[in-house]
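A, B, C and D are the chain letters, set down in written order, and residue numbers restart from 1 in every chain.
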Amino acid sequence: MKTGSLLQATVLIGAIALATASFAQKKYDPGATDTEIKIGSIMPYSGPASAYGQIGKLHMAYFQKINDEGGINGRKIKLLSVDDGYSPPKAVEMARRLVEQDEVLFIFQSLGTPSNSAIHKYMNAKKVPHLFVATGATKWGDPKDFPWTMGWQPNYQTEGRIYAKDILATRPNAKIAVLYQNDDYGKDLLKGLKDGLGDKAGRLIVAEATYEVSDPTVDSQIVSLKGSGADVLINIATPKFAALAIRKVHDIGWKPVHYLNNVSASVGSVLVPAGLDKSVGLITVAYQKDALDTQWANDPGMKEFVAFMAKYLPDGKLSDALNAYGYSVAQTLVQVFKQCGNDLTRANIMRQAASLKDFQLPLLLPGIKINTSPTDFYPIESLQLQRFDGKQWVLFGKVIE
Amino acid sequence: MSALLEAGQLEAWYGATQVLHGVSFSMAPGSIATLLGANGAGKTTTLRALCGMVRTRGAVRLDGQSIAAMATEDIVRLGVAHVPDGRGTFLDLTTEENLRLGGYARGNRRELAGDIERMYGYFPRLKERRAQQAGTLSGGEQQMLAIARALMLRPRLLLLDEPSFGLAPLLVAAIFDILRTINAREKVGILLVEQNAALALELADQVFLLETGRIVIAGAAATMRDNDAVRRSYLGY
Amino acid sequence: MAALPTDSATARRNQWLGLALVVLLAAVLPFFLSNYRVFQLTLVLAYAIVLLGLNMLTGYNGQISLGHGAFYAIGAYTAAILMDKFGVPYWLTLPAAAAVCLVAGFLFGLPALRLEGLYLALATFALGVALPQLLKYKHFEHWTGGVQGIVIIKPDAPFGLPVNADQWLYLFTLGVAALMFILGVNLLRGRIGRALVAIRDQPIAAEAMGVDISLYKALTFGVSAMYTGVGGALGAIAVQFVAPDSFTIFLSIAFLVGIVVGGLASVSGAIYGALFIQFVPNIADQISKAAPWAIYGVFLIACMFLMPGGIAQVVGGAWQRLRRKPGKSV
Amino acid sequence: MDAFIAQVLSGLVTGGIYASVALALVMIYQATHLVNFAQGELAMFCTYLAWTMLDAGFPYWAAFAATIALAFVCGVVIERVVIRPIGESSVLAVVVVFIGLLVIFNSLAGWIFTYTVKPFPSPFPAEPLFGNHYVSSHGIGAIGVTLVVLALLYAFFRFTSLGLAMRAAAQNPVSARLVGIRVGWTRALGWGLAAAVGSIAGMMVAPTVYLDPNMMAGILLYAFAAALVGGIDNPWGAVAGGFLVGVLENLLGAYVIGTELKLTVALVLIVGVLVIRPSGLFGRVTVKRV
């Protein structure tokens, strides 16, 4: 804790120094004024991915809290959050609306790989920050070709490589079966896994099965994977399908070493539906504290979050891991604003977003820090493995950078 | 004693087009009446207007009770059976199911089986076809089925729209024979719309001649057969 | 329904003049609007072409399609692949998309001939669901870019015209749309259009009159798909991106909603429908973030309550009344 | 061989899911000659009602019965308030209303109950029957419930006058009125019964796939396909179609074409069947005389 607070102090001093330095010269791009910072966000409030709309609702609640407390440097944050229904053409339309018509300072946390892919080029051509996009695809950290786009969460390929490393270390002769969602996210994570396994990938991976989000169950896939004789299962599935897979694996009496991807590591929305007894032994990587995990019940950061939820988003459920996610991202953005001081130009926003140093957040696991630089557009790259013991996630090993 | 059926200044519309312009007539209980007229004179519309299938204005009374503003199904439940043009058979259902439906409004299950047997008595052909889809019956059989289905209601009044349409003369004669029997035996009043005026006049007690939505001549069938206008227009001699 | 064909030549000429006026008005529009609005209107035009095509099939010919998003996707991908992989200029991709979709639609229409009503709805629905999956299938990935899709470059105005890329694309799309509508109107008002309606309303009589029902139905499917494909290609060029997620079954459903709300068997209905599917979801989103779809659903039901014949019918009725008021004989 | 049996059995369980929803589609079709695209979402919403009651501490079967009753009322009210005014103006107008209902129910469920998946209890024992590793007790129980619903529906349409009247009203509303059937009410009743059948399906499906607002999105397509392949005028056919589609899809995915294209190929096969037999495998071929 000591080093942590020291670091925080350093960051704070740095921020103040920057702030005072730029007080003399207020600089604004469209969307920023003396009293307001207007930003945009594109979320799937309707359509097949509307579950993720919760993130947008959390953002609005969090900025409400910031504004209630006086805003940032006296400026209120105004978030224009619009719906694209998870449709790329609509995302393009919405990005253009936000940038050209509403003249927001930048776009924050637009959600989904397809939607972000659709506006990637546009945002960079317009030189408008495309900040902390809400997808784990690997392509968002490419400052050379796309200096205006930055991700936030650990990317899927990194995650895949961590599983590969752990398998190689603990079971060099594993027979691996993979269940993955047939889209960009599933394929990206699988690629990371294969890259991590290197030339052994072809030998170690004995079976792959995909599912579509329209499938009612993944029973058939699990039966096939079990039939391959695998002793390791990599579960690359979104919450509902992850839960279905965990339950089916248990019910058919299959006992592989079961790696569950981080997207579905939520106790409340995955393990409880799957059955806590059926989840014993699951391994995943994490960077955030789980709100329903009892070990954090007395954690100050968690208490703060719970209090925030009660006050600003009373109908949001703690069991929904998206709330904790949105909370941490919003806090990261507030840090960027603090660092910007009075220089609220688009260029400075990117500059500050790319100079987050050992920044810590209340809901990140101890030891996980946010670091960016002009050549490093991946804010969170450290993760830690954890195993489920039937009640809570138990961290093991070291933080993996 | 009041008339079985009485229409007073009955008007009817299809959409914005007025088809009946004040039709008035009345029928005695247990009698057979026929509506004659050229194509488009409003015969079918009159039948439809009587049982509330089109937008109407004017008076309709059944045994003195006004039925003008009632829904079709309620009029049927008062004992008015209607064999519409096109016969209105439920083609996907079996012959027997069609008959059962005919007695649906009476709701008396116990009498139903007996009535179906009675219909098979009138139309033995239907008995042979009892389990067959009605859509597979021949035209004549379908016409028998339509009449039998209507009779299953044990109606006071039977409205028949061109029962001879598309049938061989022998079959038509047989059907008209049965209509006469039914009228005599079950005391059912029959209002008949028929192209074949000679046949209709033979069967009917009363005749109403319809022209462009109005009754132009009304009278006893026996006198009508000698009426020149009727003879020239409808009987062709 | 469509404005009735008037009998006199003057009236017909007036109609064409009116149409020219509308196109002219539409052509000056981008110079008074922001680029963002111009972009939205470009999409409306692309959708309008699609809806006209779908209306030929569903409105005029009575064949329900719940899967026209698939032809839209085929058109879009044809344009994207030609531009991205082969460097074909954008305007040349339109005839290609049209040809590919004409053939695809015709081939799909052949077996679909045997299906009616619900069964055809299922078959087309299946097409709409299956196509996005085919697009990301690994053996086609080389062409389609798999789940990542294809990014394409927005064309600039040619010959140094003093318009920006958005305005140019709008004008280009407007030109294509006008052409497609003129072709469509001629097709539907003539012998072919009458045959289509006859097949819809009186199939047996139509056959007896010597209309080759099978050929007409399959051809209608092809032409309808062709229109949809041209719309898809224009949409892809405007959006500059194609991916399987752009063409989910919701797109197909939106098209069906578009023709019904706009007005079945109506040419102008295609434009009203396109405006509806482009703008109403945005309005719903403005009203409620919590449940935008619920608002959209209420809009849909309200439309069907108030205008069961579609917007075109209401507008047509109002227009007739306006024209009659001055007491001129028509 | 063991894996093959497991695939077939798990296909039967998913097939049972399709069958149960297909029955609701058959019900509404028999009463109105329309296929209600919102049927799945309505069932999903009713299942949330059941979940709410269970959450409030109702015993399972009480909640079960109350949900069926509520679903029935809900169906009748929808028909009376939303569908009737559109009337017979145009089939496509009604289809658009169905789409409207679909998005409304989906969105409302997400708004009220959130999108987080919820476990839904099963009335059947948690331990698998006879200690088998293939099928859960719930899977077998749900198939049993579907078969019971099937038998009831069959008897209703075949032997009761009301069932007969409902079929007649759907086929030929004008003639139905002429035999005294209150067509408006048979339709409302059909909606009510379809909603009730749907709610049973929902409560049997939810323990298997978890309860969430998109629970029925994928299932409805398969159920639609199952109903048409089996014959939409025939409840037996619809159920057989459900099992067939479930098993076929599993075997294709596991042994023939892999999981990536199994939906596509399954749909192509289904459409192929319909092209060869346009009334479905077990549907009645309607003969029309001109």
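Throughout what follows, contacts are C-beta pairs under 8 Å (C-beta built on N, C-alpha and C of every residue); 3 or more make two chains touch, one makes a residue touch a chain.
All values derive from a computational prediction rather than experimental measurement.
Novice: Keeping to the contact definition above, tell me which chains border both subunit A and subunit C.
Specialist: Chains touching both subunit A and subunit C: D.
Novice: What chain sits nearest the middle when you go by CA atom centres?
Specialist: D
Novice: Does B-D or C-D have more contacting C-beta pairs?
Specialist: More contacting C-beta pairs are found at C-D.
Novice: What's the chain with its C-alpha centre farthest out from subunit C?
Specialist: Using the mean of the C-alpha atoms as each chain's centre, the farthest one from subunit C is B.
Novice: Starting from the mean Cα coordinates of subunit B and subunit D, work out the distance between those two points in Å.
Specialist: Each chain reduced to its C-alpha mean, subunit B and subunit D end up 42 Å apart.
Novice: Suppose each chain is reduced to the average of its Cα coordinates; what separation in Å results between subunit C and subunit D?
Specialist: Subunit C and subunit D have C-alpha centres separated by 33 Å.
Novice: Centroid from C-alpha atoms only, then distance subunit A to subunit B, rounded to Å. What do you get?
Specialist: 76
Novice: Report, in whole Å, the distance between the mean C-alpha point of subunit A and the mean C-alpha point of subunit D.
Specialist: Distance between chain centres: 37 Å.
Novice: Would you pick out the residues of subunit C that each touch at least 2 other chains?
Specialist: If we look for residues of subunit C contacting two or more partner chains, we find 129, 133, 290, 292-293, 296.
Novice: Specify, in ascending order, the residues of subunit D that touch 2 or more different other chains.
Specialist: Residues 103, 107, 110, 221, 260, 263.
Novice: I need the residues of subunit B touching at least two other chains; which ones are they?
Specialist: Within subunit B, no residue contacts more than one other chain.
Novice: Counting only chain pairs that touch, give me the topology of the graph as line, ring, star, complete or other.
Specialist: other
Novice: Considering every pair of chains, which are in touch?
Specialist: The complete list of chain pairs in contact reads A-C, A-D, B-D, C-D.
Novice: Quick check: in the complex, which residue numbers of subunit D touch subunit B?
Specialist: On the subunit D side, the touching residues are 161, 164-165, 167-168, 171-172, 174-183, 233, 284, 286-289.
Novice: Can you name the residues of subunit A that touch subunit D in the complex?
Specialist: 46, 48, 50-51, 54, 182, 209-217, 219-221, 223-224, 226-227, 239-240, 243-244, 251-253, 268-270, 272-273, 275, 316-317, 319-320
Novice: Tell me, which parts of subunit C touch subunit D in their complex?
Specialist: So the residues of subunit C in touch with subunit D come to 58, 64, 111, 114-116, 118-119, 121-123, 125-126, 129-130, 133-134, 137-138, 204, 253, 256-257, 259-261, 264, 290-294, 296-301, 303-305, 308-309.
Novice: For the complex, which residues does subunit A have touching subunit C?
Specialist: 45-48, 50, 53, 56-57, 60, 81-83, 85-90, 92-93, 96-97, 100-101, 112-115, 117-118, 120-122, 182-184, 187, 212, 214
Novice: Inside the complex, what are the residues of subunit C that reach subunit A?
Specialist: It is residues 34-37, 39-40, 43, 129, 133, 136, 146-149, 151, 235, 239-246, 248, 250-251, 281-282, 284-285, 289-290, 292-293, 296 of subunit C that touch subunit A.
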